[in-house]
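Before we start, here is the structure in question, set down as structure tokens.
Chain IDs A, B, C, D and E follow the sequence of writing; residue 1 opens each chain.
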Amino acid sequence: MQDLGIRVLFDGENGVRLLLGLVVTLKLSIITIIASCLLGTLMGLLMTLRNPIIHIVTRVYLEFIRIMPQLVLLFVTYFGLTRAVGINLSGFTAAVIVFILWGTAEMGDLVRSAFISIPKDQYESGTALGFSKLQLYRFIILPQALRQIIPPAMNLATRMIMTTSLVVLIGVVEMLKTGQQIIEANRYTAPSAALWIYGTIFFLYFFSCWPLTILAQHLEKKWEK
Amino acid sequence: MEQEILLKIEHLQKTYDNHTVLKDISMEIKKGEVIVIVGPSGCGKSTFLRCINGLEKINHGAVYFKNNCISDESLPHSLICQQIGMVFQSYELFNHLTVMDNITLAALQVQRRKKSEVQQTARKLLTRIGLADKENFYPRQLSGGQKQRIAMIRALILNPEIMLFDEVTASLDPEMVREVLDVIIGLVRQGMTMLIVTHEMSFARAIADRIFFFDNGEIVEENTPEQFFTQPSTTRAKQFLNSFEFNSVK
Amino acid sequence: MEQEILLKIEHLQKTYDNHTVLKDISMEIKKGEVIVIVGPSGCGKSTFLRCINGLEKINHGAVYFKNNCISDESLPHSLICQQIGMVFQSYELFNHLTVMDNITLAALQVQRRKKSEVQQTARKLLTRIGLADKENFYPRQLSGGQKQRIAMIRALILNPEIMLFDEVTASLDPEMVREVLDVIIGLVRQGMTMLIVTHEMSFARAIADRIFFFDNGEIVEENTPEQFFTQPSTTRAKQFLNSFEFNSVK
Amino acid sequence: MDWAFMQRVIPMYAAAVILTLQLVIVGIVLATITGLAISVIRYKKIFLLSPLSAAYVQLFRNTPLLVQLFFLYFGLPKLGIHISSEACAIIGLTLLGGSYMAEAFRAGLNSISPSQIESAQALGFSPIQTLRYIVIPQALAVSIPPLCANVIFLIKETSVFSVVALADLIYVAKDLIGLYYKTDEALLLLVAAYLIILLPISLAAAVLERRIRYAGFGNSRTL
Amino acid sequence: ASSPDTSQQQSSTSPTAFRSLDDIKKSGEITIGVFSDKAPFGYIDQNGEYQGYDIYYGNRLAKDLGVKVKYVSVEPANRVEYLKTGKVDVILANFTVTPERAEQVDFALPYMKVALGVVSPDGALITSPDQLKGKTLIVAKGTTAETYFSKNYPDIKLLKFDQYTETYNALLDGRGDAFSTDNTEVLAWALKNKGFTVGITSLGNIDTIAPAVQKGNKELLNFINDDIKKLASENFFHKDYEETLKPVYGDAVNPEDLVVEGGAVNNK
């Protein structure tokens, strides 16, 4: 039984297809992570402005996104949004939208807390040395904020990669769905394929996320004051 | 010949909300003079220094540097800062930069000086304070005293005409106090004009040309160090000085 | 009549890895004596205090408290700690407890004393140090000097026979130093036996019965305060004391 | 919107909420115990167990619960290990949650400075007393914000339980969409149900955090 | 685009535009929703190609339209949504015709017929639906079996999965007492899996399986209907059976129980 199962992995294009599935997973992750970083920075900076309206709007947005399971957001966007506004979204597009909404919210919060955590003294020493506002941000504040943001942002990226597994449930053909297709196509000949396919996917996810986690931990230690 | 007056403060007043922290302070500082300000906590010493170099806006009065009014809003702040160096109690180095970059950044970016010249000057200054081997270290790898000394040359490299020191040894362990104060003593010897806030009384006595005693936002007494420490003319100064004396218990 | 010997240290030696931090230290402390230890940074002062109250194991020698060897492994540590109180440089109050709970916890849990009695004593002690109104405050609501004073009565409430103070004012702002030292002066007046490590020289001079000068893990000089500060018998002590003096620059 | 339809199906959602809560409560309790054990093992640096625990934490922090569930539910039976849906859900939640909880506790334990422990020793506290009166209360205070975040995170993760045929909220919503094609109604109720579960918990967590910060326990730092 | 259709499409239930026949022809590509994990009707082989009975017709439909074909993988439960939201032009995913569904989509002529079958382990063979009372029956979400049992046998506990893969796995792993779906499907499966037998071979009405298009997409519907009628002349669906189902079913199934030619169902 077992050797039958593992054979499926190397049968025809199966292995390659699983990796192509991983490519879809990573493509979705990378697109949304990059977009979230850009939009999140913008949102974070908006949140540091002490404007009460912006504050309330961003806060409600952040809390709602945080409270809702990502899968629910995917469902609502995929099925609900299409019907409500009549926009024809593919599963992939719906996933991109949800992940960017989510990533932007989380990233925005990271950026905000990084900026407010830079001690006032740093601003003052810079000012006392004659830096202009622009120079102060460019040379003193931003580089330090970045160091605070990068490790948690990498953890966020890891979570986003892991969460892409949910898009299988709105029909996007990525690694997990490919795995299910392979298992199904071989269900007569190799019933134990499930063990091997799911095991392989488990480790493919692990090796996609783990290096980021390690890097984040490393950077955090390195930049620890 | 009378020395030129470098800094003149006239009727300075500073109010936070409804609380007047500095009430009508006037002072003249000549080139090469070392002025020490002492006084109890919260009397407005830090605020006074911050008003001089423009970190705080003042409510009334004026600050003149070489006869130019610098408390005027229209003046670009960075110009003032290059003339007036300041070092704080909390040795706020930039944590993401090496010692060398900490020292040179403002000279390169604000003064737009040549990199080679600035680095050479920085090395000279580092050697002078005995930290030549630390130029590639990051702040977190240094002791408090080392950080504070570097904060000083970070200000000095801009060639200020006057330096303001605000309790630069207050957060240091006792054995580091001396190394920092020795750097200031070196500056005194070179004739740097300085305005120093400190709680180290024997240090103040040794270096000051004039001592100002602040209390409650006012100059209560101005005196020579000798006079001030042996026979202060006000009772408030007397009380203050007493808190540094211990009568033998045994 | 000769006073009873409370604490006796004999040939104490302490080694970290290959580095001998304390070399053959012997000392006798009589009941009611105030001993001050001074010396440069890293000379082993803190380690010495920590060896006495059992926070560090010693490699050779012995510590006797009232003629009982307390450096013996078999003795329960908590017994020693109730006889020998200690206060550190960093005022380590327990952040999650109110002032009252900080003071009473050990008396209740370690000594199992009655709550009403302990609280009454705590209030008396708080009143004595002028913080009677702070009993329900949390440590973060207090200034450094207030925290350090509370750390002291937290140790005192256990009724120790001797107190060890390790640079208790080193992390304090200058204006808080005095309020903490005044508490120690109060204890001196009450006749408490104490072993004090400090960098406050005029304070040391005022309260010490004997001064020990440590350098490099050894007792280099033992002297009366008068003698030590005016004419130290060793050159190393002289050098050390010089670093607290400023020669007039002006 | 078909309100009558919605009223009719509310009991189904209610049942799903109850099922979700039951599983999540068991899962969180087990995850907390696991996390506490793991963090103590790593804090005390117990031989062999400590690196194993570290590996466990890495493995489960870096793989999605969905994949873990598929593996447990459909993979393991091929090895002759049969686990019920409920058990799978609880095991998955415990393994995943345990790795997150362990990190939260570890942050707490690491935040206790050695001098706090020394102060306690100098006052005569025994090691057990030190742990009980000094270390644990303070570590807990630091751990509470990440612990709360983990609870919310784990409840959200339950949304994938439908893949192991548990009638959770997503399962019910999908059912209604598939059977009656009432997409809008099903989705609206789905969002509402999660808000009802998570909003109070999230608000309670915020209040708890603020109180801890107010009491001054530790320094609050969240991820 | 043909204007009459575009105005008509704005019905209250479906605000989404469908693509008319002209749109499809102009774009040169038709999008068809199929199963990607339901061998032998719609699945992906080890080379990553779509295969199966549904696909065989899908290819032909595209050819007759003169366009390329793009397959989109759908799940049982979201087939209607895919169509209603215009994500696909046609559904060819073993879509059983039911009155509820007919309210949501427009069905073309059938190309297959089917009744429900129930497969169970030999050790505890289920031979009538009544035996299932109080037991657990595995079904796939959104299938006829699900609707049939929830309506007619509410006492039977249903264990529902999204994917066929999972239902079979669940049956193999003993997570339910029986599994029900189209009888052809279970018959074929039981053949390959020792220890399992189809105890109920035909349950409920004989249902037909047909392509579906979005409601109101008349032109496309008519084209498909005409196509299916026309294909009868070449016995197309029998050929389809031979190519895709026969290798799996062998002699367990009589092709006449399954194939519908020219859209004409001759009920037994």
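Basically, contacts are C-beta pairs under 8 Å (C-beta built on N, C-alpha and C of every residue); 3 or more make two chains touch, one makes a residue touch a chain.
Note that the structure is predicted; figures quoted are calculated from it, not measured.
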Study note, to complete from the structure: In contact with subunit C and subunit D alike are the chains none
Revision key, fill the gap. The larger set of C-beta contacts, choosing between A-D and A-E, lies at A-D
Review point. In whole angstrom, how far does the Cα centroid of subunit A sit from the Cα centroid of subunit C?
Key: 54
Exercise for review: Quick one: report the Å distance separating subunit B from subunit E, using the average Cα coordinate of each chain.
Suggested key: 84
Point to revise | Whole-Å gap separating subunit B and subunit C, where each centre is the average of the chain's CA atoms | key: 35
Practice item. Calculate how many whole Å lie between the centre of subunit A and the centre of subunit B, each centre taken as the average of the chain's C-alpha atoms. Key: 49
Revision key, fill the gap. The positions of subunit A in contact with two or more other chains are 79, 83, 169, 191, 194
**Study point:** Where subunit D touches two or more other chains at once, by residue number
**Key:** 74, 163, 177, 183
Review point. Using the touch rule from the top of the page, what pairs of chains touch, sorted by label?
Key: A-B, A-D, A-E, B-C, C-D, D-E
**Study point:** subunit E - residues contacting subunit D, complex
**Key:** 76-78, 80-81, 100, 104, 141-142, 146-147, 150, 159-162, 166, 169-170, 172-175
Study note, to complete from the structure: The residues of subunit A that touch subunit B in their complex are 119, 121-122, 124-132, 135, 139-140, 143-144, 147, 223-225
Check your understanding: Contact residues on subunit B for subunit C in the complex?
Key -> 34, 40-41, 167, 170, 173-175, 178, 181, 185, 188-189, 199, 202-203, 205-209, 225, 243-250
Revision key, fill the gap. In their shared complex, subunit A is touched by residues of subunit B numbered 53, 55, 77-82, 85-86, 88, 90, 92-97, 105-106, 109-111, 140, 151, 154-155, 158
Study note, to complete from the structure: Within their complex, subunit D touches subunit C through residues 113, 115-116, 118-126, 129, 133-134, 137-138, 141, 215-218
